[in-house]
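Take a look at the structures below.
Both of the next two complexes hold chain A, though its partner changes from chain B to chain C.
Take a look at the complex of A and B:
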């Protein structure tokens, strides 16, 4: 009887535990697999647009035409979160280049599920103006990126589904299909390759109303900044025009305690050096 | 003279600070700007309203909490065949956490109007605007001290202007304009003297109210458009151009509404030297009101609409006292405007159309323009200023013979 008990114990140790552990181990990817498409997109937005309490980057944008002509937009972008991921954010941008927009500043109060507030400061006439902004799909400073590409799109505006899981380069990815519920953007759907590890988007493909691929985003360099994986080089290419925009974060930082009052008319007119440099 | 000394002092201090500043930058542009008559030659026989080559230098030096800024233009005017130096701006900033100060020549812009100014009581150059010069030349710097205060409940700006600067109106050698007393050629401009009592004071209190940008305004100073004061109404020999005393109380509100941006602005112009409205040579008190709406029509296309009105107080007193032969202003002067802007080719090509139309006077201004950025540093714009309608003394009707086509080309560095 006692011998049986010992055998039973040995059986448990030798067989049951390993099987349980294996099952448990198997459960791990299964539980990740069990994420819904909405959850993947939410995590991706968190990782891409909401990382940290606040964020600052010196941004170099190169607008490159099909023939190779380059135009440069250089700016400092500051962002602060108000509330949870997917919630309200404030953006402050200061332009260094080109020369005709130097010292211009631009401020956005971004709200979920309603139009943003946007203000522009024109230094030559010392004037702050609100600008009409109901169209989030319009180009950001003439680049191939839209305002939504820069600051995110409401998750509820699209239906999301996981189409497949595959490797992109060396990275395991979810491939998510997001289709706008309303025809408020140029594309009929978007396929996103989202890294299973850090949930950053590595590639987005935009398909037009006829189902043709016409616009491709690629996250080309990911660096760790203060523990946050950050896309520090990205490109948006328009396949129909051949025009592309390359964006590099020359410097980036998180959790730098940006004060609330930065996002004000006062500092739009006189951007503090410590924040824009 | 005092101003010149102040400017020289500022230039010296900038040069001095530049040596110690943590951050010094020099930018500017080279510009050509030409505006050719299309209706008829100027009164002086020339065919251009404006023809210049210009260099602008912007020197910016800062060492926290101080900053110095100097923007100087040097240009050659082909109509007068003369070169000029123009200190556009030159000021020193001091910034602390809850207040700041700017001292020197500075451009101040208040209110929400698009080329319509109610609470923006600061100097303007209308000749620049009508001659097809870049928009920034519509504003003239004020030699002033501006104090900004930022307590938690609201922000405030107090502006003190010791040196009076009038608006610049079109020059009679270059522009055909209405002249109510053409026989009197002797004219003398009398600017308010630089005294303590004549110091202009402007105050603005502003904050966010339910997601809207709200401001209250106060100004005590002078009209910047001169009034004609003949030495005799019946047989004048000389006209003094004077700037009557003015106080303005105003408010404005701007925010998101109707899928666009809605702006409301109002002001009461208290004409302190003619409160009963009986002096025909001094403007009566007025209430001014503006409503503006701007929305994005489609990608890179914006539409802006404005309606503006001026209501004259004590109109019957004005009518009774107006000398015969003088044009009579309306009790309600109205102005509407439309601005349509379309960007193309990655926002490097811009088509814009701006127009004023007065429903009360039936006169108009049309201003179409095309601007193209050839590279990041070179742009050119071609446009036209067309005036007409109404009577020969109306705001735009009086400029009927001054239509012009203009070119601006600029290299920025």
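Take a look at the complex of A and C:
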């Protein structure tokens, strides 16, 4: 009887416990993976705005009016991270099109929880002007994208909540509802479909203060660039004005060692060849 | 002869006829649920009209909104104080939440784009996101407002006492609901501020409400007045009600048809019930005759048939003339005028069918004793009125030369008056002076740039041409040239933005408040502006390829003439400054001018057609060109006199007045037809009876007997339309005054001048008459 008990104990120790712990171990990553809404948003920002040490792309922007008239913006965008996701970043933009703004450059220092610094070089009068910080929800170069859409929004500015998880096309997504804490933006809340695999936003829906859907972002093409999944085609559509903006990244690249001194007034006036070709 | 059998049929089967009438009426009434109004002046012209297509193109090219509500906020002590500014922010916030408001493009202190230089930085941002906390901030706001020409007279008056919130509406939004919500928001605020709500949608909706009032309140009142006047004339409630029913039935039929065909009620059509009611008074000739006949013949049925025999012909012809007068409107361009013409023409025909069926059928239900009583009073009454009419006609008959001479003097005066006519149309003046719409408009026109908006579109063949200094200076020069006109309150264009940025980039140095030297600079400034401003700020003034620029011209008056002045100034400028750019007017002010002109040319065309057709009808009716000319004279004379008076008192020759010109012909010709027909009948009867014909006697008889019908008709007509003098909208008042004076005048003209003319021209007239 006693022997049996010992055997039983041994069995317990040798078999049951490991199985249990294995089962437990199996369970563990699952529960560790149950991300909070904030974590999903953070990962998404990381994947969407902070990928790599630095980043470069030739950006083709098409602004299309309701009646089908088009305006084109073509620029090279250079970005360098200073700190982790959600931290400081510097942007440098050089414009090729429209033709009369060729050589115009635009620089943004982005700070978390603080207004951006922005500078613009106007080649025709050879003048660099600081542009006063303003509403981040204002339009980026006249497109349907806002500054926030281009460079991200502080996570703490919104309350986030996972509303559901569903498939968008073939992709499993978290659907996050983010509602601004302060009423200083145009929308009352936003729903984002975030890919569970690469954490890139595939669709955002913006609801206005009257509760109506009025702006839709869609990530239309995702390509792998140096191992980083990157949204290379995106569209922002304003449903109330009927206006939309299509953006394509060509020649996107990561970790290209952009020098710190590029982000200066001197190079704003005379951007180094290698970055703008 | 077919009509005759209709009368006999009706007299023989009165119940069936009445029942049928009631059934058709009830069926027509079922259509009333479909009623909707259309007060959008845009719909005056068809969608395919050139001006509408062009305006739509302009709206599209420059992302313009069709509809805009403007809220004016006035504070006698100035709006730049914490309290009022707080209210502006609160009100704007609430307005942004209203469904149907194009939130992104609302312009007010908290939302309008402000380009300024701040601590060596360029700032493109909303003007005022929060109320200034202290005096320094307030001073800064004041400075920003008053140094920026884009703001002055737009969101701040020069004296700082008035501001405005511009609220564009999404397509298909309900203007009235939004305006009501704004009123509610504004009414929550206490204090000294006065609020004015203006804009096209508000005017349109107010107009729509007043139109319903006219139809639902004024038309029935007119009906009641006619009922009472008729009762006083005939002292018989049953017959008065029958006549009333006659009018009502035809109104219900034509309204039913209009609505069944899916037409909305326009300003013109809303007047149709009153018109039909007035036209229905023509049946009074039947009653008039019926009473005389009843006294002479005791058998009712015979009396009815004989009555219809005697008055059938003139009644048919007057109906035809009236129907034609309105029918010509069908050939016009203005849609509501067409619909109105068709509807009233249909109603007139319906009325006549009723006159030959429903009315005789109803006569059979009248108890004999009633008729006797009524015709006794008729007899007694005929004494006074007929004597008076005889005297009137006697003056014409006995002193024809004097009468005609006096007429000639009036004729000359009328012509002088007509030459003084001012052609104009002002839709805001369709509202009464103390109406909300008009008050708001007046206040805002005094304080700000002007509520009536026109555009001048500069068009070039070359892309990006607008960005050239050449084009910019050209547009700038044009703006300064147009601004010289006293009716122009403010102009704005892309040039204003470029100059503003030029100045702000150069540390607000006024020296740089000019168009830059190179195209690249301009292009880069515009790009800079578009980088941070609201997209529509630029879209509203330049198109996408920069081939077209839109110059906004705010006018201080809704007079169609104002836009004509602008176009003239633009043409002058074009000639003295030739450049590779076309300049074309557009916008609502331009549209108003175009349709105003269209109405006038349509009406002149219609008037000429009506003149010819009515003349032809007269010729047919009288079987004589000469008699047609004679019958025509008092009618034309009446119209000339009225337009002469219009010219003398300086009333604008506007849409309602123009439309009336056609109608008056069709309606006033009735009297001449009745008078001459009956006069000739009388002469013929006397000849047949072998009595030596005395033209004077026959004239006096006509004036006393059918003349009484004419007078009654005119009085009834006038009393019905006099109600419109109290209407809340001026076009109705105009129509009321016009018709009242026209009816009374043409009745008197007919009774005085026809005898005079017939006496003078008897030799010429009767040569032919004998051979008839």
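Everything that follows uses one rule, which is that the second predicted complex is superposed on the first by the 244 of 277 C-alpha atoms of A that agree within 3 Å, B and C clash if a C-alpha of one lies under 4 Å from a C-alpha of the other, contacts with A are read in each partner's own complex, and residues count from 1 in each chain.
By definition in this document, contacts are C-beta pairs under 8 Å (C-beta built on N, C-alpha and C of every residue); 3 or more make two chains touch, one makes a residue touch a chain.
Everything numeric here is computed off the predicted structure, so don't read it as measured data.
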Overlay on chain A: chain C relative to chain B, clash or fit: clash
Contacts of A:75 with chain B and chain C, given as first, second, both or neither: neither
Chain B versus chain C as contact partner of A:108, first or second or both or neither: neither
First, second, both or neither for A:200, with chain B first and chain C second: neither
Which superposed partner A:120 touches (first chain B, second chain C, both, neither): second
Partner chain in contact with A:273 - chain B first, chain C second, else both or neither: first
Partner chain(s) touched by A:139 [first = chain B, second = chain C, both, neither]: both
Chain B versus chain C as contact partner of A:97, first or second or both or neither: first
Which of chain B and chain C A:131 touches, first, second, both or neither: both
First, second, both or neither for A:264, with chain B first and chain C second: first
Common interface residues of chain A - those touching chain B in one complex and chain C in the other: 65, 71, 98-100, 124-125, 127, 129-132, 134-135, 138-139, 141-142, 243
In the complex, chain C residues that touch chain A: 60-61, 63, 96-99, 102-104, 118-126, 170, 464, 467, 505, 516, 518-525, 527-528, 530-536, 538-539, 543-545
List of chain A residues in touch with chain C within their complex: 65-67, 69-71, 95, 98-101, 104, 106, 120, 122-125, 127, 129-132, 134-135, 138-142, 186, 208-210, 212, 240-241, 243
Of chain B, residues touching chain A in the complex: 23, 27, 29, 62, 64, 93, 95, 100, 106-109, 112, 135-136, 138-139, 148, 150, 155, 206, 211, 213, 254-256, 259-261, 294-296, 298-300, 302, 343, 346-348, 373, 375-377, 379, 410, 412-413
Contact footprint of chain B on chain A as seen in their complex: 63, 65, 71-72, 97-100, 102, 115, 117, 124-127, 129-135, 137-139, 141-143, 243, 261, 264-266, 270, 272-274
